[in-house]
Amino acid sequence: MALKTFIEAIRDGLREEMARDENVIILGEDVGKKGGVFLATDGLWDEFGDDRVIDTPLTESQIIGTSIGAAIGGLRPIAEIQFADFIHPAFNQLVSEAARLRYRSNNGYSAPMVVRAPYGGGVHGALYHSQSVEAFYTHVPGLKVVIPSTPHDAKGLLRSCIRDDDPVLFFEHKKMYRSVRGDVPDGEYTVPLGKAQVTHPGTQVTVIAYGLMAHYALEAADRVADDGISVEVVDLRTLRPLDKETVLDSVRKTGKCLIVYEDNRFGGYGAEVAAIVAEEAFDYLDGPVTRIAGPDVPGVPYNHVLEDWFMVNPEKIEAGIRKLAAY
Amino acid sequence: MAVSERSAGSGAKNAKDARNALGADLGLSGDDLLEMYRLVALARAVDERMWILNRAGRIPFVISGQGHEGAQVGVTWALEKGKDWIAPFYRSIATCLTFGMSPRDIMTAQYATASDPSSGGRQMPGHYGSHEHNLVSVSSPVATQLLHAVGLALAARIRKTGQVALTIMGEGSSNQGDVHEGLNFAAIHKLPFIFIVENNGYAISVPLARQVAGSSVAQRAAGYGIPGVTVDGSDVLACYAAARDAVARARAGDGPTLIEAKVTRLTGHSSDDQQTKYRSEEELAADKSLDPVPKFREQLVAAGILTPEAEEKINAAIAADVHDATEYAEAQPDPHPSTAMRWVYAEDWPSESPPPWGMGEETASGSDSAPDSDAAADDAAADDAAADEAAAPIDESAR
Amino acid sequence: MALKTFIEAIRDGLREEMARDENVIILGEDVGKKGGVFLATDGLWDEFGDDRVIDTPLTESQIIGTSIGAAIGGLRPIAEIQFADFIHPAFNQLVSEAARLRYRSNNGYSAPMVVRAPYGGGVHGALYHSQSVEAFYTHVPGLKVVIPSTPHDAKGLLRSCIRDDDPVLFFEHKKMYRSVRGDVPDGEYTVPLGKAQVTHPGTQVTVIAYGLMAHYALEAADRVADDGISVEVVDLRTLRPLDKETVLDSVRKTGKCLIVYEDNRFGGYGAEVAAIVAEEAFDYLDGPVTRIAGPDVPGVPYNHVLEDWFMVNPEKIEAGIRKLAAY
Amino acid sequence: MAVSERSAGSGAKNAKDARNALGADLGLSGDDLLEMYRLVALARAVDERMWILNRAGRIPFVISGQGHEGAQVGVTWALEKGKDWIAPFYRSIATCLTFGMSPRDIMTAQYATASDPSSGGRQMPGHYGSHEHNLVSVSSPVATQLLHAVGLALAARIRKTGQVALTIMGEGSSNQGDVHEGLNFAAIHKLPFIFIVENNGYAISVPLARQVAGSSVAQRAAGYGIPGVTVDGSDVLACYAAARDAVARARAGDGPTLIEAKVTRLTGHSSDDQQTKYRSEEELAADKSLDPVPKFREQLVAAGILTPEAEEKINAAIAADVHDATEYAEAQPDPHPSTAMRWVYAEDWPSESPPPWGMGEETASGSDSAPDSDAAADDAAADDAAADEAAAPIDESAR
């Protein structure tokens, strides 16, 4: 056991997997000497050299497309996209190619690879350094999407992703890199994909969240606890495949469900969770399935006043919980 | 295939004769040339059969390699079968045959049978692929495969396998951004990568001058500091020679090569395209002279390699193969709907559950009312009036 | 009034708008001499010439990016993407640029343009000529998304889109091009954006659909009518901005809601509609908000047996209605 | 700006002297040169002030144009202000100043004030734009703007406005697929389009050799059949000359030109980058000699154009401008949250409703607990340890 920051846990996970399997390589912009703009790969170039930590040109479609080919050729590429906002040029390679390769070839081919990208706002990153992009990819069968919230989960899930035989998108909330600390076990543990976790048991309202919002949800749960509102927080961890059982079990117990996400509300990932809960837990619902999510504007604005307005925070979640609890 | 090795035997026997014989300067034996000719002619015969089947209503859609076969066989011959990698495109019938796929493999793809090795009937015809033969699965969005070949070349270099990765597309497709990004990366890292452009002068209806600024794809290579070669794609041996040099460069660690093979598209873009709408009769007639099949045949006949007996034998074998492949594919069953949810991921996930209508039995009845048209749906379904008429009309004015 | 096919109505709309405003241009692959692979622009190149009907190279990002610039420069570009499946290479230009230009410049700039693309399956188009891509774009604030279902609406909405001051994606179900016919008024009528239409009034179950599914929903409504099940069909027409009022009014009346879409179910557009209904009409619901949608596989398979299995059709909708009605 | 027109007056007066005077062969008068120098020096002064403000904790983030100013002023001078179009990038401070934006416009962007003309405080600093001055709004994803400039050039040609559209980016960005697609289209249609690459040898930490295969962006132009010119970006007049030729070509209907200006990045990539991690001290020291500001100054002093009096006047004006801009921006109010939902679309839609927490008043209290760090979040927030520490720690081990 050691106390690690979120980014240390990720870096450790990368290093240990690279040491374990020589087919694991890292490629991306500035991942080499510089160690990545967030330093997630700091030191890895020194340790593993030019062939296994590759500074690519500034070309995201190439990063993803090359990773697909490298995966076919027997490597286990970990592609870093510098900011999730800049994954868009690779959309075609991810959606048309990585996601479909196994299905379209009737299992003749597959593309086992991990795409890591920092996402999320609240760091004065404005429209293009704050995006949550998970909804675009959770909609795509063939892709897996993981968003950890703790150093423990980040490292354990990252290991599982690297060893997984399918393409996985691994999104890391950049505000958590150094602000979140937690215990990380010493050994070679993994956290399985496709399993959510109840991080705060409760009886009256289920709050479903992931990433930074999983922390804010816990804070909100603490705040309302004083007033006797018992909240169960579910941290999804893997967004696709979704752990429906854990979600539905909780809502069937509490009868109330609030879904929290930072992305724009309309058509965001939480919409699917809401739709599933609304359909499959209908008989148990004591109130509407509700959502607290980012407003529907084209990006997180830069100015701190506007950014504060945009960002979901514990108070906003708290207000949502109180309203639902009172329903 | 390792041509130099294969031809070493015959070359040694008649060293002097060989020096003057056709292909000898390229290290190709007479047997090599006959086999290359067989592949060119076989690809053409399979292709022609596809059109016959299409017109007969047996298969809904054809996308053809006619006119491209010479370049495809010539280029592919320079690679080592079962070792190197090819990421082909929808016209790559001759490429796939040369690299190890069989006429049955090609024909089951036309019929979309369960046994179709490319996709098990999941993809449209023309989307070939075979892991067994190192042919990367074709998708429809053009040019994406270039980056996959670059990635394969990267893996080959890092894993020190000695493999070369080659990809192929049309000149229109070469304008996609992925091509720029991939050439740049491959050139920076001097990867064992070869880019073949089969330039047939059209991207569906859009002519070269409106597709490719400067009208030469090969001339773009210099911008990446790599060789760009233009070759007559109806000249099988010239294509082989260009590819052989590129393979040598790649294996020596000297990096990528771009080869632009000038070919002609002898058919419409696909079975749904009426090319007379945008190409003149004169142009179409003139293009016939660039057909690689008679050209290669005459070359081999003149060289005394394709004797009447040899040709008869080859033709008979081809006819038998095409017949066999057609009969075989006709008889193969459709995939069962219960398989439709397989291979979304390596494993099945409980949350990725079947739709309310289940996985098979139920759909049997449902399928009656489902659209039963053979409306081909490529760049196509398109202007094919017949296809459209087949679709059940929905008269919304009746509402 | 004249009876027109769906594609004729679209072609007429294009022609008339080009005649009305010389700043309207069309650009895309094969839109010129060939008139587009579906013949949507047939004859327009003859009529308007090289400058206004432009055969582009095979480069979708360029088509969209150039349209954005041309729109800034005072033109009203109508970009044709040959198949919706091939819009993915332009994802970055659409999501990062077209959608955000007005917001990020605080109304300094905008990109009034229309992107037309044929979408949808049931025509033996397989994985890459059958896709429904609306969910990727309805999630993006700043974009409008329109999917008409009748010749009347197609022409009237297309006119509104061309005249609109924001970027609009206009998706046309390719199976409808020649199979759907309907009356089209003679004059210069428009159909407003952001307005759904009740195409079949009913009292017991609301079915919400768009595009080809709007037809299938009507068929399904007819089938169950014999058994005394009264269905109200809402054809959304504009997916974003969504006409929430019409949707909620209907569900508050019927108490039951089935949402139908052809795209993959998980995270599809219908998830958002379900989430909205589940939250905002909760008190009126007499049954779970349900969805009939495409299965979660990476694309519509080619073989007709598999394709039939994939495609939503009137029988499958009918089964969904019966189940919900019996709830 | 129409230099040829502007200099016509002075040129006529002293035709003989002018012929030998600096810039005369380019049609530039002494006044032109002084104004160009003022812009170069002003851009530098504004930029330096940004860094001071950043270190003082007044503004959270800087992305700089230092080292690029000479190329920017030289190139921009060849365009007609208020008529032609520029799609700039994040280092384009001198470009924007030359094309009509004021130091106040630049400085309010650093402070993200409501009055910031680029974005009303919505975008990060460096994302300039002004419809008034035909400067297209900058976004972060690199290279996308090339296609916008191409579209502007297309509109100019179709609408026969006589405008030229120019875009600018770094050499790393030039590898993006959009660049390939845009150059190809612009060249096919011979559009009045100019592509400027400000090649400073690095894309953040990645050096030219790992970014650009062949190490020359200009050499890629030939692949599209257009001229590719390499120019010393610290030589203002050489940049002007190259751009002037390109403008002439564009206006004459002869199509696009690619100009690669070799510049140097005198600062880190941004205020969050430690460039010593990947650049040697020697290299950094050597690069100082490529600074365009002293170089242009010495050139003008030697030519007797920048007299001590003239320099004093210019310096005083610049100091006053920078002071004024800073004071002004410091005093400008933040945007009000009630404006945050405006301009998603041209009109407001009832269904696009505000979040449950409303549009302003309520957030006033909420903002206390919101992250109050100035953690810059560019390619940055990044390794800036200070920024990270400022973020409120979430101790998940406490759970």
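As written, the chain order gives the labels A, B, C and D, with residue 1 at the start of each chain.
The criterion applied here is as follows: a contact is a pair of C-beta atoms (placed from the backbone, for glycine too) under 8 Å apart; a residue touches a chain by one contact, two chains touch by 3 or more.
Everything numeric in this text was worked out from a predicted model, so none of it was measured.
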item	value
Per Cα centroids, the chain farthest from chain A	B
More contacts between chains, A-D or C-D	A-D
Separation of chain A from chain B, taking each centre as the mean of its C-alpha atoms, in whole Å	39
Inter-chain centre distance, chain A versus chain D - centres from mean C-alpha coordinates, in Å	34
Between chain C and chain A, distance of the C-alpha-averaged centres to the nearest whole Å	30
Multi-partner residues of chain C (at least 2 other chains)	56-57, 59, 61-62, 85, 88-89, 92, 96, 100, 103-104, 127-128, 141-142, 242, 266, 296-299
Multi-chain contact residues (two or more partners), chain B	119, 122-123, 127, 139-141, 175-178, 181, 184-185, 188, 210-212, 344, 352
Touch list for chain D against partner chain C, complex	85, 87, 116-120, 122-123, 127, 129-131, 136-137, 139-141, 144, 146-159, 163, 165, 177-178, 181-182, 184-185, 188, 342-346, 349-352
For the chain C and chain A complex, residues of the former touching the latter	85, 88-89, 91-92, 95-96, 99-100, 103-104, 127-128, 135-136, 138-142, 240, 242, 264, 266-272, 274-275, 277-280, 282-283, 285, 287-291, 296-299
Parts of chain C lying in touch with chain D, wherever the complex brings them together	23, 25, 51-52, 56-57, 59, 61-62, 64-75, 77, 89, 92-93, 96-97, 100-110, 141-142, 144, 164-166, 194, 241-245
Complex interface listing, chain D residues touching chain B	175-181, 183-188, 209-215, 219-226
Of all residues in chain B, those that touch chain C in their complex	60-61, 112-113, 119, 121-124, 127, 139-142, 172-173, 175-178, 203-206, 210-212, 272-273, 277-278, 334-337, 339-341, 344, 352, 354-357, 359-360, 363, 366-367, 369-383, 385, 387-389, 391-397, 399
